[in-house]
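Right after this note come the structures.
Look at the two complexes coming up: chain A is in both, with chain B in one and chain C in the other.
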Partner chain A sequence: MVCKHEHLLDVQNLSVSFKMYDRGLVQKELKVISDLSVSVDRGEILAVVGSSGSGKSLLAHAIMGILPENAAIQGAMKYQGEDMTPEYQEKLRGRQIALVPQSVTYLDPLMRVEKQVLGAGKDAKKKIPALKGIFNRLELDESVGKQYPYQLSGGMARRVLVSTAVIGDAELVIADEPTPGMQTGQAIEALRIFRELADEGKGVLLITHDIDLALNFADKIAVFYAGTTLELASSGDFLSGEESLRHPYSKALWRAMPQNGFEPLDGFQPFSGSLPSGCLFSPRCSMCEKQCRQKIPEMRELRGGFVRCFHAT
Partner chain B sequence: MIVKRITNVFFRYALRVITLLFAVSVIGFTLVSLSPVDPVQQYVLSVGSVSPEQRAELEDYWGLNDPPVERFENCLSAILHGDFGTSLLYRRPVIDVIREKFANTFALMLCAWVFSGVIGFILGCVMGANRDRAADKILKRICLLLCSVPTFWLGLLLLLLFSVWLGWFPIGFSSPIGVMNSDVTIWQQIHHLILPALTLSLLSFANVALHTRQKLIDVLESDYVLFAKARGESKRQIMKRHGYRNIIMPALTLQFASFAELFGGSVLAENVFSYPGLGSAVSAAGLNSDVPLLLGITLFSALFVFTGNMIANLLYGAIDPQIKESYANE
Partner chain C sequence: MRLEAKNISFKYSSNGKSILKDVSMHIDEGERVGIVGPSGYGKSTLAKLMAGYLTPMSGSVLLDGKPLRGKGVCPVQLIYQHPEKAINPRWKMGRVLEESGFMNEELLSRLGIEKQWLTRFPRELSGGELQRFCVARSLFEGTRFLIADEMSTMLDVITQAQLWNVVLNEAEKRNMGLIVVTHNQHLAERVCTRIIDLSLINNEVHSQSEIAEVCL
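And then the complex of A and B:
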């Protein structure tokens, strides 16, 4: 094939590190995301799962170009094949790419909800019918528009945040844990909206804790751990069971799901400042061998997905 | 519901102001009693030669020989009947003196207050929006400097520069000397007001500016401004939609709560510029043992500062929806 397939969003070997001042004036670099690659195509939902602190929100912020000033990034990010320079990101933000942020603190405490959902710009008023439609679908009463953020329950606030992203006509929606606090029906409705967007030919990057819910709507699942991707699998792989999955951590996640035995994984994710040498999962891996502690495994293709493990088969 | 809330708030503040004024009277009365201030001596001086017998009679008549508590009770009951006594210095009812002097002081403070509020707010926004750039660094240094300069010194400096050397403004008083009060034009009054007002506002605007700067920096670092950025809002849109909205109330509140400093500053500024307001009256009253006027002004200024703080509180409640709600739930 001559023409290489072009992703809507393509992140290759992304690293994010923070300049931190350790005791006094000693500056040190804290690497929180390393060698991370994901891509989103039109028409698909990519779910990103991983425990908290694995770098999911930072990935979202890196794509939007809204990382704090003391953050430095390396690697390549492309949107529709074009390099995402800071200027390009500025053009894309809020127009081509919309973010559903992770918490209520992203709403202005002194501005009424409606005004925030409609957003800035001259054509904000024209979106009122669309707002009514979305509020209706997400079971938000019309009166919610007149309220202030502190008057909303957690679940309501999340639904408001979802509305802010889907009311525009962004081509790519990045949703950072949009469903916690919502009732099951509402969460399903929110994901259904994302699914419809994808089916219209847009792309969705869905960051979530709730693998179970994501499996029913997403096309692909990226498993994050300590700031990198350990596996990229199709939702089907997760649904069909442990054997279809590739990485020991993904398998452990699968076993920890309620319907699969609720079996927790011992140990904890290493902290950014004290990562193990070699495979990041090695301290918790039952298949760990000498090689695993010496070298970080590369992402490799396996059975239609990708995995970062020497011994996965 | 709303009526109940308003009466509720009204009674709360009424109770507060009564206790405040009572406490101020007690403290003021005690301090004056303990101090070497001698109203009889002052009266005697102004009347001319008085024999020791007459003097003793006078003391008796004024009740100076009664026990302190009884004196305080008499004083309080007079005040409750609206009688604040007669100023020894001006030979007129204290109330009238305060009314007249306060009109002058009010003009002075209002100018200074508006000027310092507006300039302080604008400078604060400029500094906050340009954080750590040259403009911010320079302005911040000026503000810090102004914060530490004493009023009288700054007043003297302005007086020297503009009145003595440049001759742009008069050296003192609220109107030209030798002109009948009724003939003084508003322009002459304003002309006399500018320097003292400038002195007074130069001192308080730095505080507003630094406070606004910090508040704006906090707002610009907030999650909601980050989200606004993520939604493609420009810097200008962010200031317009989120910036001012979140800093105007703290600034206004601070401005109303600054009535106490304004009053204190006006005493010094008025003395430097010989401006005939409440500030010069209070120092004159103190120096001349004019006890009724001194106590009258003390009570009045307490009321004034209280009003400022009350407005600050109410404003905060009226505009910040979160506080409004907590009022409603009380």
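And then the complex of A and C:
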């Protein structure tokens, strides 16, 4: 395959499944991510949106190589063109790739905040000016550095997590729901920091429910559903409205936003143990036809984006 | 019917900072009142006071002119922001629903609660799934006022719209009063008939840096 340009991060046809005990010693495989492809380029923020439980955090953990032991991965993940083997992932994480974890419980309860943000390297001391700068921007008082995580409120802990990820020289930042609990002004500032990183030539993968906020900072939006990507669109498509979007689920997301109609969609995301045989969205889709129930559509290019639907025009 | 907070003040520790001071507000049945304001201003505290989870230091919370009764089911129900903190982790979901005496099959299916979830423990369900249960159990027949404290912040927008749709529908059918605590201005404008900015009715002056947030 001839590549015109190399992605910073390239995930192709990723599947993740968990081995679980069913009854007694009988094991079963639970597929939680199937045939998922995303890529992040330098200078770009890719926002990942979609329903809760659609595998967004699992994608982040798969890239970092921190999935639990009973997880099995298939497909290809490449960082700067190189296959991400477990050894390579170990070398990358924390250095080239930084994670803003979704849960504030990732902070070490026994370590002062400052130490956690600066990290353990030889040059930790050199980062102190940078730490002051970031704390200031995120409205964290300098005294927060001397505190322990239990002394922080939810929103403060999140801001500390963001500082931890952006203070290093990581080339790729993966932010898993970085903003809930933050006030709007602080959330905007956090996203602005991500934007600046991207503008410096780094890459950012931003996982979020807050489509509204993400749209103003991201370049591209990937829409996830039941463990796969249904659409890849530019943020402009989301901003200009329903007609510019391609997949029926993305359109439904757009219509469900409080400012755009607040319209719910009947039905629920299928449980990963009982996925439909065809298109994963088909049980809730108004355009569903026979072929949708039989075959999972391939991702195809459409109007400058990508969509996984037979009918999208 | 009217739910009323009359000159209530509250602080969490007797020598600590006061959160609410001399706050008064009211809501009539059939009304949907949004409460907005920066975090740390006491929105959730006010919600807990109005639902009877906390007792004000001074002032009173009145339902139709009488204080809330401490016994029996409370006609004022509160839905928390974090459902995982509001459900007994050792109970299966079926028991959680039974406790409120509520098993309206039709409403359960409209909320998308699957039969098989009833035999699961809370840790085996996602946040969005748990929140559906919290909504379901707060909608038993005696509920006259519902207080939703950031009910849908951790949900995707479709699930958010689904839940709100059910809640608004029930509220209208039963002429319930609804208090909506949220950070999301669009959401407040969408669901509320009236919006109160807590920083304007709270007589406790918060520090300068906090006030700067309001202007954002």
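Some observations on this one:
Rule of thumb we're sticking to: the second predicted complex is superposed on the first by the 310 of 313 C-alpha atoms of A that agree within 3 Å, B and C clash if a C-alpha of one lies under 4 Å from a C-alpha of the other, contacts with A are read in each partner's own complex, and residues count from 1 in each chain.
Definition applied: a contact is a pair of C-beta atoms (placed from the backbone, for glycine too) under 8 Å apart; a residue touches a chain by one contact, two chains touch by 3 or more.
Computed from a prediction, not measured in an experiment: that's the story for all the values here.
Applying the stated contact rule after C-alpha superposition, one finds that A:Arg93 touches chain B and leaves chain C untouched. When the two structures are aligned on the shared chain, A:Ile45 is found in touch with neither chain B nor chain C. When the two complexes are overlaid on their common chain A, residue A:Val113 makes contact with neither chain B nor chain C. After overlaying the two complexes on the shared chain, residue contacts for A:Tyr150 are found with chain B alone; chain C is out of touch. In the superposed pair of complexes, A:Leu265 makes contact with chain C only, with no contact to chain B. Touching of chain A by both chain B and chain C, each in its own complex, is seen for no residue at all. Considering their complex, residues 38-39, 112, 114, 126-128, 153-162, 164-165, 183-184, 186-187, 189-191, 209, 213, 216 of chain C touch chain A. Those residues of chain A lying in contact with chain B across their complex are 64, 66, 90, 93-95, 98-99, 101, 103, 105-111, 119-121, 148, 150-151, 164. Within the complex formed with chain C, the residues of chain A that make contact are 49-53, 139, 155, 180-181, 183-185, 188, 209, 211-212, 252-253, 256-259, 262-265, 267-268. Those residues of chain B whose C-beta lies close enough to touch chain A in the complex are 222-224, 226-233, 237, 241-242, 245-246, 320-322, 325.
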